[in-house]
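Look for chain A in each of the two complexes below; its partner is chain B in the first and chain C in the second.
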Partner chain A sequence: MARQIYQAIVDGILGGGVYALMAVGLTLIFGVLDIINIAQGILVVVGAYLSYALSVHLHVDLFLGLLVTVPAMFVIGVVIHLAFIRPLRGRERTSMSLLACYAVAIIAEGVLYWIFGPGYVTLKASYINSSVRVFGFFLPYIYLYGFALAVALVVLLYGLLYRTKFGRSVRATMQDQTAARLIGINVNRVAALTFGIGVAVTAAGGMVYGATSGGFNPNSGYDLISRLLAIIILGGLGSIGGALAAAVFMITLESVVDIWSPNWAILVFYAALVIVLTFRPVGLFGRQAVRAQ
Partner chain B sequence: MSELKGAAPPGLRSEAAGPAAPRERPRVSGKLLRAAGIAMVAAALAVYPLVITNGLATTIAVDGVIFISAAAAWNIFSGYSGYISLGHAVFFGSGAYTVAIGARDWHLTGDAVFALLPLAAVVGAVIAVPCGLVALRVRRHTFVVITIALFFIFQLMAFNLSFTAGSIGIIAPILNWAPATYNDPFYYIALAIAAGTTALAWLIRGSRFGLQLRAIRDDEDRARGLGVRAMRVKLSAFVISAFITALVGGLWFYFIGEALPQFAFDPIFDLSVALMAFLGGLGTVAGPVLGALIIEPAQQYLTTTITNDYLSEILLGALFLVVILLLPRGVIPTGSELISKWTARRENRR
Partner chain C sequence: MRSNRTRFLSVGVAACAAAALAAGCSSSGGGSSPAGGKGPIVIGTSLSLTGDFSVDGQAFDKGYNLWVSQVNKTGGILGRQVKLDILNDNSSPTQVVTNYQKLITVDRVDLTFGPFSTLLTAPASATAHRYGYAFVEGAGGGGLVFAQKLNNVFDVSLPVVNELDPFTAWLKTLPASQRPSSAAYPMADDPFAMPQVQRTQGILQPLGIKTAYSKVFPEEESAYKAPADDVAASGAQMVVLGSADVPTVSAFMTAFEQQHFNPKIFVAAAGPDQGASFTSAVGTANANGMMVPDAWYPGSLNALSQAMVRDYVAKYGGSPSGINADVAEAYSVGEVVDQAVTHNKSLDNTKLISYLHSGVTLQSVQGPVRFNSLGENLVATAFIFQWQNGKFVQVLPKGAPGSTAIVYPKPHWAS
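Right, the complex of A and B next:
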């Protein structure tokens, strides 16, 4: 039993890295644009299907394929922002953008169903079904590679945000949009690029998700978005570090509960969310009531 | 859009009128026009199944009228208070399952099942209390996400609990009504509920309670400072809204004839009711009615006439996007603004 739990914890930490990556994209978009991209879940699935199409039809390696899928998802993100998010104005802007993202998700789901059908598909590669034994734990290669990729991308994002001029303008916009505009930051450009980056990470997240989840179909987006939302709320909306910590914590928790009851493991997510928010409405790492109305 | 006078403090009044959009007060002619419009819509709805007997058309009509209540109920909470709930399917599904489980376990058949509708409503209201107590502690985005989370919890429970029969679902008892007029009783029950809900929405909007809700929408902290008991007011609206949603959920189950987790707890329901209210005009009385009458028939038409399910889903999403992008403020506010502009111009000319 104890062995099983240790194994579950190791799996959870490795799997949590991937969720951390997807959640960072979501929380970044929230921080800059003050909207929640409900479509993030289905966009992860789109990323997974892009990898699938590349590997099945063109026989491109999954990790190599990211060189194509990440830019593709970036473009999709920028287009969604320009076409559906930026035109929204007025008092109900935030709620309207939420509904717009929801509508985009429905369209994306329909398109995926149409192209790929409702059947479950899996990503295939030599390193998906083999594993290495470390200290008595079986670690599938894909988990290791996926975790390494997630860590690398998160570090890259951190570098981008904290070491570059663009990152400074993003952080300034997150703090105070009006002030950022006043000191000459092109807030619209920052918003579009941030949305693109936030969506681009779903390509990598989707590939690893598709390889580790044991099968996905267009309907998997709901499952993903519900987890991601729980993670970013728990971590405190707009807090990147919080999203990382909450992702690893929640996926580990789920993975441990999964030993006893796979059906109810996902419920742990929401139960944890409800319990935490009852005592700490700003989430685990949120500092203030996120942006006064 | 009349701002109804009530016993609210002056500071609150000016806020409730909206800072950016000064709303013109409708003139007498506007009032007459509105009364005539309401009478016409009501009369058209009342005689609809007598004039049009096509089975498909009446089926769509029943759906449309059910959604009038659902959208109006959503609007009573979310439209007035500004707390956008994307989890109202929780109450819709709970209502459906209450009737389904009740009919199955108590071996009710035929018309007797309709006696379960009040029970469905009460169950919805009871479920709303703990949900509201948790969700209403947080605001804005966090609130939206909590309602989505609640929605997924309930869908998951419907899939996994033993008494909901999981993904097999529960079949409704068979009604031995004449096929030609089968839809009519459903239609009139739904219409009665819709009329009641709309009247309630109108009463609430003009009442002290409604003003408190709208004060919360505009500035919750200030409303609280002025003595509005925010939690109590929000929770009351949430429970009222859940009560009606569960009531029509129960009716919907009997009409559809089957309760399945993915359809009773349907994410598209969450989105639809919100969009109906937005399309018509958030926080208005007539808005959700109009929105439901436009969106639900369109949606039903798409899903029944286009045999490709996926294409109809894509078109549905596109329809939603068009609504959001072209009519962000809703038909009713945009329309009344146009009318008052037009009458003002005409008066200037004189």
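Right, the complex of A and C next:
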């Protein structure tokens, strides 16, 4: 039993990295734009399909393919912002953005059905099915690489936010949009670029999701969104490091409970969210704390 | 002025009376168009063209449309062409009810065909029952459907609870020393997957095959790795997976390979039967030795099936081995309804229900069809299929026409 628990903890930590990759874009977009991008699930799937197309048609390695898919997803993000989010104005902006993002999800799903059809596809590479033995545990390479990628991306985003001029503009916009405008920051430009970056990061999440799921089709995004929302709420809306910490915590918890009851594991996943929010309503690394940094 | 009003009133009353009469006719015994009509016979169905069951839903769409094109080529039914009225339910058990209500009360279809999956067939059949429509379906063989005890439901396929019976029968014939000593039974929380795996466990345990793992997991793509790792940790020699689709089986196979776990037997309730969808997901080499129960496969010796396979390839392209078994289930629905309507020389749903309950044996691409009082197909034959070197072959029942030797133990993962 102890061995199973250790294995579940290792699985949870590595699996948490995969979810963090999918969730950081969501939390970044919320932090700057006050928008819950409920199209995030389908955008993860779009990222997975881009990797699939490169891998199948051009035989590009999945990780190498990120050099193409990340910029491509950045462009998609900026276009979504310009077409659906930016036109929203007034007090109802946040609630209307939910509908706008839902429309994006429906459109993206339809386009994917049109291009790829309903059949399930999987990403293939030698490191997906193989693993390395460490202290008696088999650690799948894809999860190890995915976790490393998650940590690298979180560090990169921190560097972007806290070590660059653009990052200062983003943080100023996060704290007070009106004040940011008054000091000459082009808030619309910052918002569009941030949305683009949030979606671009999702390309990496999509690739690792595609490689670790049993298969995906255009409908697969709907299973993801509730988990991703739970993770960013627990981590603290707007907190990038919080998303990684929360993803690792929740997936590990779920993995351990799964040993006794897979059905209860999902319930515990969401129960943990409720319990943490009861004592800490802003999540583990809440937005007020993030904005105060 | 007065005469105008009187005339207007009388026309109105006549129109109301006609409408009431028409509504009365259509609500008792289903479809409204007379058998001797000249327009097309309209058959309504709801399919999961999007959502969780979209792969199966679209295969059903192909099966229904293939049957319609074939039946129209030979003059239709009762001399009338057949037309499908298909609505998309997005794999939702609530939307499927709305769709059948629209098909019956607004579109006034003559007949209804079932949707995909037990989960959707159960509420859909209750709706059709309310309006007196016969509900012939091909993918609602779970207990949830028959537990309603509706007289209008007819499942042309094999009842799912019996799907693995040839597999357990084969294990019984093996000497105890050759049987796997332990088994794992991971099951998706699904009315199709669970009953057959639970029944299998109930049969194999008394044979001395120790249960190393038996748990139900949520049917969610994100939830497969942890139970798969637990099954691998159990070290069971045989895995009977209660799966409902390809991603579930694929996720378990990948996790097993990552954990260097290769059971001697790996049989899944669904997934490996989905032709090219399965092999493209797991790789042809890795599919080697994977088993699945079903009532049909593209290489079936049934003459009706061979004709359907030829017509399918001519219409949709591809190869026979890539044909999803759902296509045959859908096609069988059309065949059974065709025979019933032709025999009755009527589209009257009440007569259709009586005829289908009469104990008559009908023919389909899946084999013979005869219904009991619950609408289960009593004479459907269960088979077990196995992927062997890129070919999907029938292996059980042992000695049955078309069965080839089973590969046991399962070869090691290829990659």
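Quick note on the criterion: the second predicted complex is superposed on the first by the 277 of 293 C-alpha atoms of A that agree within 3 Å, B and C clash if a C-alpha of one lies under 4 Å from a C-alpha of the other, contacts with A are read in each partner's own complex, and residues count from 1 in each chain.
Keep this in mind: a residue touches a chain if its C-beta (ideal position, glycine included) is under 8 Å from a C-beta of that chain, and two chains touch if they have at least 3 such contacts.
It should be emphasised that the depicted structure is a prediction, and the values quoted were computed from it without experimental measurement.
Annotation: superposed three-chain arrangement on chain A; chain B versus chain C shows a clash. Within the superposed three-chain model, A:I85 lies out of touch with both chain B and chain C [touch as defined at top]. Residue contacts after overlaying the shared chain place A:L237 against chain B, while chain C stays out of touching range. Within the superposed three-chain model, A:I266 lies in touch with chain B and with chain C [touch as defined at top]. By the touch criterion defined above, A:G215 reaches chain C but does not reach chain B.
Of the two partner chains placed by the overlay, only chain C lies in contact with A:S131; chain B stays clear of it. Residue contacts after overlaying the shared chain place A:V274 against chain B, while chain C stays out of touching range. Using the contact criterion defined above for the overlaid structures, shared-chain residue A:E109 touches chain B and also reaches chain C.
Using the contact criterion defined above for the overlaid structures, shared-chain residue A:T122 touches chain C, although it does not reach chain B.
In the superposed model, A:A191 lies in contact with neither chain B nor chain C. The superposed model puts chain B in the path of chain C at one of 117-125, 261-269, 279-287 or 405-413, which is 117-125. Common to the chain B-facing and chain C-facing surfaces of chain A are residues 109, 113, 263, 266.
Of all residues in chain A, only 30, 36, 38, 84, 87-92, 94-96, 98-100, 102-107, 109-111, 113-114, 222, 226, 229-230, 233, 237, 263-264, 266-267, 269-270, 273-274, 277-278, 281, 283, 289-290, 293 touch chain B in the complex they form. Interface residues of chain C, counted against chain A in their complex, comprise 49-52, 54-55, 57-58, 91, 189, 215-218, 220-227, 229-230, 233, 245-254, 257-260, 276-277, 280-283, 413, 415.
Of all residues in chain B, those touching chain A in their complex are 18, 20, 84, 86, 134, 137-142, 144-146, 148-150, 152-153, 156, 160, 219-220, 267-268, 271, 274-275, 278, 282, 308-314, 316-318, 320-321, 324-325, 328-329. Within the complex formed with chain C, the residues of chain A that make contact are 3-4, 7-8, 11, 15, 109, 113, 117-122, 124, 126, 128-131, 138, 140, 212-220, 223-224, 227, 254-255, 258-259, 261-263, 265-266.
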